[in-house]
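The first chain written gets the first letter, and so on, giving A, B, C and D; residue counts start at 1 in each chain.
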Amino acid sequence: MFEIEYGDGGAVMCRGRLDAAQCEKAEAFMGELEGENTLDFTDLEYISSAGLGILLKTQKRLAGSSAGLKIINVNNHIYDVFRYSGFHAIFDIEAKE
Amino acid sequence: MFEIEYGDGGAVMCRGRLDAAQCEKAEAFMGELEGENTLDFTDLEYISSAGLGILLKTQKRLAGSSAGLKIINVNNHIYDVFRYSGFHAIFDIEAKE
Amino acid sequence: MQREFPRHLNSLAGLYEFTEEIMKAHDLPDGIRFPVHLATEELFVNMVHYNPTVTTDIEVGIDVAEQVTVSLVDNGGVEFDVTAKREVDVDSPLEERKPGGLGLHLIQNLVDSLEYQYQDGRGEVIFTKKSGNKDV
Amino acid sequence: MQREFPRHLNSLAGLYEFTEEIMKAHDLPDGIRFPVHLATEELFVNMVHYNPTVTTDIEVGIDVAEQVTVSLVDNGGVEFDVTAKREVDVDSPLEERKPGGLGLHLIQNLVDSLEYQYQDGRGEVIFTKKSGNKDV
């Protein structure tokens, strides 16, 4: 299961597992984002390359006009995936405590 | 530890682990055997190629004049080792129940 | 364990459950489960995407085994390749058998992998032995 | 875990205890412990016997890991070698990055082994992932 919605503090809360079958849902939501946004990955367990593609696409769209996406509370497995993908140079990423 | 001695029923009881460091003990005992003998491996956990060498040597010495060694209650790991060594053709071997 | 999955992204949820259940049953930590799920999904999704006209199911097998790896390092010993196949006499009649020469033969039959490296006087043998069902 | 043993048959008892303790701690069954002990002893004894003038200790390492093996079989798909090294863009600035192409790159970085076989329309990918300490 994958869920995406605005949290109380204004960040976009991502929950569950973002696999290739959940990308439409993610893309529909992210396609509406404007300006600067924070994605909170506290409850995101898993992401695969299909999800990375959406993040990259969204970042390309937003970064022209703003600081783009900030991704916080990233678990260490997803952090590894970001690192192998070279996402640290193009996103503002914060690991989980 | 490895122990070898006559059991109550007349069989030679082998106990423990017959590794290369225990071969002197095994060889000293087996060198004294004459005629037909049964080796009981109920409590023998382990044998390596050094022990196989002693069995073979003893068998060669005895088999000229008698039926040689019968080996009973062989655990399945030692049974495998005998099988890989082609010992079934030259010893009378019985697996543990 | 093996299962067939329809060639469709809708299979991903079931594929996850199938592999997760087996890995959980073996108490495998997150640090293994995550990359296994990722690699499995990526490969499956590619098989779906890049064969759009194919309709056969995709067969997925998973197996968990415990693996022991042992290394022995011999500094200053002669170079000797323990992995080389050897002639061993396990067939001839008793009179012709000679004691000795069975050790490497047994090893080669009992272990799952056997490697030898030698460099500058340092010889190293590494072997592995796995538990469990080996067919995936 | 690693330990050094004097190059002598008297070391066999300690060598057995060392490896047995680690394998018992991992609840490994007899069916693995027996061949591991046998292979370890045979190799050690040979290093002793065939290097009678060498006086260095013999270093023995043992490591137990859990290994997951996954296979995916694609009947009727195109032949595609997932093990081939790929050019992946993980360095250029945002404007130049393109979505896609990361899946195989991630797999190749995350798994421990990756194999591909293709024959008569049957493509099979097998990968493994190990837990635990990998240095022996």
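In the analysis below, a residue touches a chain if its C-beta (ideal position, glycine included) is under 8 Å from a C-beta of that chain, and two chains touch if they have at least 3 such contacts.
Here the structure is a predicted model, which is why all the values come from computation and not from measurement.
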Chains contacting each of subunit C and subunit D, listed by label: A, B
Subunit A-subunit D separation of Cα centroids, rounded to whole Å: 34
Distance from subunit B to subunit A - Cα centre to Cα centre, in angstrom: 68
Between subunit C and subunit B, distance of the C-alpha-averaged centres to the nearest whole Å: 34
Contacts with two or more other chains, residues of subunit B listed in rising order: 48-49, 81
Multi-partner residues of subunit C (at least 2 other chains): 31, 35, 38, 42, 45, 103, 106, 110
Pairs of chains found to touch, sorted by chain label: A-C, A-D, B-C, B-D, C-D
Complex contact set, residues of subunit D against subunit C: 19, 23, 26, 28-29, 31-32, 35-36, 38-40, 42-47, 50-51, 54-78, 80, 82, 103-104, 106-107, 110-111, 125-127, 129-131, 136
Contact set on subunit A toward subunit C in their complex: 17, 19-21, 46, 48-50, 77, 81
Touching residues (chain side subunit C, partner subunit A) in the complex: 9-10, 12-13, 16, 30-31, 34-35, 37-38, 41-42, 45
Sites on subunit A touched by subunit D in the complex: 48-49, 52-54, 56-57, 59-60, 63, 80-81, 84-86, 89-90
Residue ranges of subunit D in contact with subunit A within the complex: 89-91, 93-95, 97, 99-100, 102-103, 105-106, 109-110
